[in-house]
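Look for chain A in each of the two complexes below; its partner is chain B in the first and chain C in the second.
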Partner chain A sequence: MSDLTVDVAVVGAGPAGLAAAVAAAEAGAVVAVVDAGTQTGGQFWRHRPETGDADPDGHGHHDWNTFLDLRRRFRAGIAAGRVHHLPGLQVWMASKNDVDGFTLRTTRTVVGGEGVTPTVHAARLVLCPGGYDRQLPVPGWDLPGVMAAGGIQAFIKANGALPGKRFVVAGTGPFLLPVAANIAEAGGEVLAVLESSSLSKWFPHWKAAASVPGKALEGAEYAGIFARHRIPYKTRSIVTAVSGTDRVQTVSWAKADADGRAIPGTGGRYEDVDVIGFGWGFTPQMELPLSFGVQTRLDADGSLVAVVDERQESSVPGLFLAGEVTGVGGAVLAVLEGKAAGTAAADASAVVLPADVLPAKEAARRDRHRRFAQAMHQAHPVPHAWQEWLTPETLVCRCEEVPVSEVTQARSTLGAEDSRSLKSFTRVGMGWCQGRVCGFAGSCLGAGPGEPAAAASLASAAKRPLAVPVPISELASLND
Partner chain B sequence: MSRASDVLVIGAGVIGAATAYFAARAGLSVTLVDQGLPASGTSSACEGNILVSDKELGPELELTRYSLSVWKGELAEHRHLWEFEAKGGIIVASQPSSLESLNRVMSVQRGFGVAVEELDPAALRKAEPHINPAALGGAYYPEDSQVQPMLVAAQLVRLATEAGAVFHAGVTVTGMMRDGDRVTGVRTSRGDFAAGNVVNCTGTWAGEIGALAGVNVPVMPRRGFVMVTEPLPPMVHHKVYAAEYIDNVGSSDAGLQASPVVEGTPGGTILIGSTRERVGFDRTVSTEALRRLAQNATGLFPFLSSVRAIRHYHGFRPYCPDHLPVIGHDDRAPGLWHAAGHEGAGIGLSVGTGKLLSQALTGQATDVDLTPFAPARFGALDPTPMEASR
Partner chain C sequence: MSSVDRDVRFTFDGRELAAEPGQTVGAALVTNGVTAWRGTRKEGRPRGLFCGIGVCFDCLVTVDGVANQRACLVELCEGMDVRGTLAGDETEETR
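== the complex of A and B ==
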């Protein structure tokens, strides 16, 4: 495919990206959407391969009608020649200059395929790259059978099958519920959901929670599924170790104190476990926003996120961001932010007002969901004392097999207190995943026991000059 | 507060760390300051080369061989701390003209005692089975070695403090303390530090520090990109580079130059270097640089074409107009010393530089004559507008 020049480029076709693309196209812009997936929906609405023009099946999904509506409008945009859908492609480098505006260089999500991948030029850019499950190291987490909670869910959504029979789901946050529910509905056995937090942490935030009734309905739905499948939901409970000879077999757990410290003599073991899924909230995919040098902040969940105005415009003029990169908040919020970003980005005059991008009712809904997200982050924090779970042998970086002992030694003898020097001295974050998995934990370990990760450290762990791996043959045939 | 020392070293990259280490070991009281953490500049954005192979006859080769003797001698007990690896270098010639240049360089180096073996195409393929079959021949340098440069800097800082030096991170030098002509310390973001001698080991920033003392130290940045592949089983066994690299190292051309330098690492990734271009401190990613790196590397090792790059990085090599480092006492500002401008060879030359400076600082005769590196060769007392500082 040859190069493409459009008014607005959108990266990602999940809830935010899809809403942004539809809004921009309906406002009259010519839009290109670059998406890693082969079909729209992103991680949240990931589904079985579509067949023909029929609406895909939304079993096990939420807000599926929102997706179907956006999908129909997206396809109408394609039919009208306003939307160029570029599926199966990832942006490995995004740049901006005064002459050409934004340039996106792409590579295939799956290696192989014929021909040159397109370069997209756009006057304005909307980045909706989403996020992925945040992971914390725990003894034994390098064994096969340890997955990200979202990884299990994606597996089920994409294949309609399970990656094992007996599961434990652990970590913190409401997201553990749909993962366990999906496993159970797909025929798997969930031995337990271990939630590190105490649900009483929601009490101070009851107003924010009550303002989003949909979430309560979802909660009731999960309660039903949990009861039907007899899934034990244990709060203030953590996994202390995962063990097995060549893959996961045993999951040891304990009750935790208010700081997340294991209480001796409590808990027990789950045997014959096939898969354990961990989720400690989400890490927004910040490499593309950071490559533009956008202004960032630390969100309530400890994640590095981008600062945007009410129109979702970042500190870089013409660069709009929506969804998890502006603060983890779920799909409903992402759709509203995407709509605002797409509407604003469609306007070439760049004088569009906040009131023009989202009707008052939707803006209020957006604000309620943001307050709910903040309450959720505060009710489900990464446990303060999580570093105490680690043994000296626990791997921090699974790609480079760097144990905790090397990290603490580099900190104490070489003064490595940020992710950058830890990476330099111990290779944490230098491997295949480039710190996507261990970046948060490494930044916390650099800061020291009980300390939150510093923004600068998280930023340096998330900076990836190649946003995704690129075949060298493609670099050799780069055009200017 | 009393914090006067015999020697104040500015910059905790490899050069400053080595200088602080050897000065402390020589019995001097040493203070080391850096605007950030150890190895925050060029030391963390290079390949960790200790190369004999790319040097031609002259003072730099002498300094290189001396430094290698320090790495392998006095510092041998610490080699595990910085992953010292004598992996050997291979220069590959792909054109008749470059084979000719290579043969010329080899015979000059041999005359000077450098260990080098000629490789015919068969021997080359035996040493590097995946090399481009079209390669005409090569040269093998068993002394070429590799270290992990960030660890060199950090561990030398640690060893220096064990020997009595004091290290302050996050201290920015803002001015010089003077007594008449004499430099008597530095003014910093954290107050004044008095010292009998001040050593400027600030790499690409050396000109700015020199200017604070009113002397011209024309060290300029030369940008280099390095690309890193996904981890693979061992495919490249030496530091392999093209004969054309030798010509680029000594070149003053401002335009982009790229010669392939390909090497495997213990982690399984393959490093692909390197470009050289004079663009000031521009950090913009250059697609031309990436393209040239990719083309050159696949020219040397065709299998790389289907391998994926997972990151790239760039750094700024500090260089002087005559491509020699500036090492020694600055007679134009008594009490001020420099050790900077080692260009792409700073890691290899660091420990030799530090050792020689410690000898000079304690008034001993130096093992290698420092005259060719003398700061006063730049003449003018006042900084002239710097070339390529845009």
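== the complex of A and C ==
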């Protein structure tokens, strides 16, 4: 087994991970960066293979110049021998002991490549695993052609192509706007963007919103794209069902009341839909932080996130966290948190003060973005009454094909009110994705109609003995 | 895109297809009109791309004989032999 020993290990090479790696290396640390992707950028700056286009222009991206600057400094770190870039690898087990510090065991993201995968030893660890679109089940969401909103965007960014011709984008949150804009700019037809919330929910938060003028500019840019492509943006609107034989054909929608309940007699249908993209905010990837037993909290969006101090250090000494795992807040915030985490992690004496990890101006910017994120979460909540959309046959767990009826029965007759009991009684969250997709919805269903998911249930849904599926040979090598 | 660009040839369940260089296996299938390739274990229901970023494992496919690869992450290579599990062929492995 090949081993690599460094001062600081970073997991993830998206906005937070790149910034952390660059900050740690520039502070003098030797850094290893483990990333599932084959090239840096993460989901936010996902782009076409650099092998084909070494210098993409960043069309359709935001803060692309920030990426180019971080990538240039990252490459300078590699050239100086201070940064070891380990792309195409995922951490399947992370551990800590008092003698050796942190150990990361890796496996290949995809088939291919020769030889053993490296094990990384590090004195300090920065986890920047990011997040993915949060999903709520809806009748028919298991049909091909239903995608995560972010999955459509990733498809466009990585492949320079569209997964269909006619699209509907639905869910809640500002992220639906860039997804629809990317589709339209790539030549796709967006039949509608269905936003469950009412934009008036932003009014109580106008101060937080106005303090981040960049977001208003982005909003104006999307408004321009929507007008140019005549994309209908319907608020207080939800998808009630997706239907078709063997693939999406029809999307039924309705206007929603203040709780997100479909109002009878409203709405209509979109026909000949190729792809519908859903996004209900984001789920932070918590399995690695949870494997260390970090202290957690429920954020305003209902997500389980980790508690960190001003230096981004978790409740586990030497373990730093940045980006969505400390609260979903977008790329600008992730870069600032990554910079703070990387700077703090580079310091072996662990005495670096909060003021030294981020200059006052950047710390203030970080705080403004955090307030903006809180406002966003409150303006775009998961609809209170979303469980009323479901039919008994709607699948909760796509992997194990567990319908709503089995979950509600386990709750009412067996008292299964959390993801762990539901898993043992119904196999919900037990398949290939290990509850990544249905963990939130399953926890809500366990809690009961209109109830938020409990932190303990979300934590047990996201706790995974193995962070990613791994070949038996990797497990066997633990004995070497 | 022009047909000239679609110059990576591969097979899907024995059928010869072509796609643009640099695309993932999932994108190569979808742009060829193949929207589903995995059959679910219990009901044999069709599945294709869902999360698109390697999280959901819905798009699993066999690539050059190696089962359970995420089509949304594997980059297409010339001559790849891609196989799904929809054609009544229950080869999906359980862990």
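Just so it is clear, the second predicted complex is superposed on the first by the 472 of 480 C-alpha atoms of A that agree within 3 Å, B and C clash if a C-alpha of one lies under 4 Å from a C-alpha of the other, contacts with A are read in each partner's own complex, and residues count from 1 in each chain.
One rule holds for everything that comes next: contacts are C-beta pairs under 8 Å (C-beta built on N, C-alpha and C of every residue); 3 or more make two chains touch, one makes a residue touch a chain.
Keep in mind the model is a prediction, meaning the values are calculated, not measured.
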| item | value |
| --- | --- |
| Touching partner for A:Asp347 - first (chain B), second (chain C), both, neither | neither |
| Contacts of A:Glu406 with chain B and chain C, given as first, second, both or neither | neither |
| Contacts of A:Ser95 with chain B and chain C, given as first, second, both or neither | first |
| Partner chain(s) touched by A:Leu478 [first = chain B, second = chain C, both, neither] | first |
| Chain B versus chain C as contact partner of A:Val111, first or second or both or neither | both |
| Chain B versus chain C as contact partner of A:Ala36, first or second or both or neither | second |
| Which of chain B and chain C A:Asp7 touches, first, second, both or neither | neither |
| Touched partner set for A:Trp432, first chain B, second chain C, both or neither | both |
| Touched partner set for A:Pro465, first chain B, second chain C, both or neither | first |
| Chain B/chain C common contact set on chain A | 111, 399-400, 431-432, 469 |
| Sites on chain C touched by chain A in the complex | 1, 20-24, 26-27, 30-31, 35-36, 40-43, 45-58, 60, 63-64, 66, 68-70, 72-75, 95 |
| Contact set on chain A toward chain C in their complex | 36, 38, 43, 48-49, 51-52, 109-111, 132-133, 142-148, 150-152, 154-155, 158-161, 163-164, 246-247, 398-401, 431-433, 436-437, 469 |
| Chain B contact footprint on chain A (complex, rising order) | 93, 95, 105, 111, 399-400, 413-418, 421, 424-425, 427, 430-432, 434, 464-466, 469-473, 475-480 |
| Chain B to chain A touching residues, read off their complex | 37-39, 44, 150-151, 154-155, 157-158, 169, 227, 229-231, 267, 269, 272, 284-285, 287-288, 290-291, 293-295, 297-298, 304-313 |
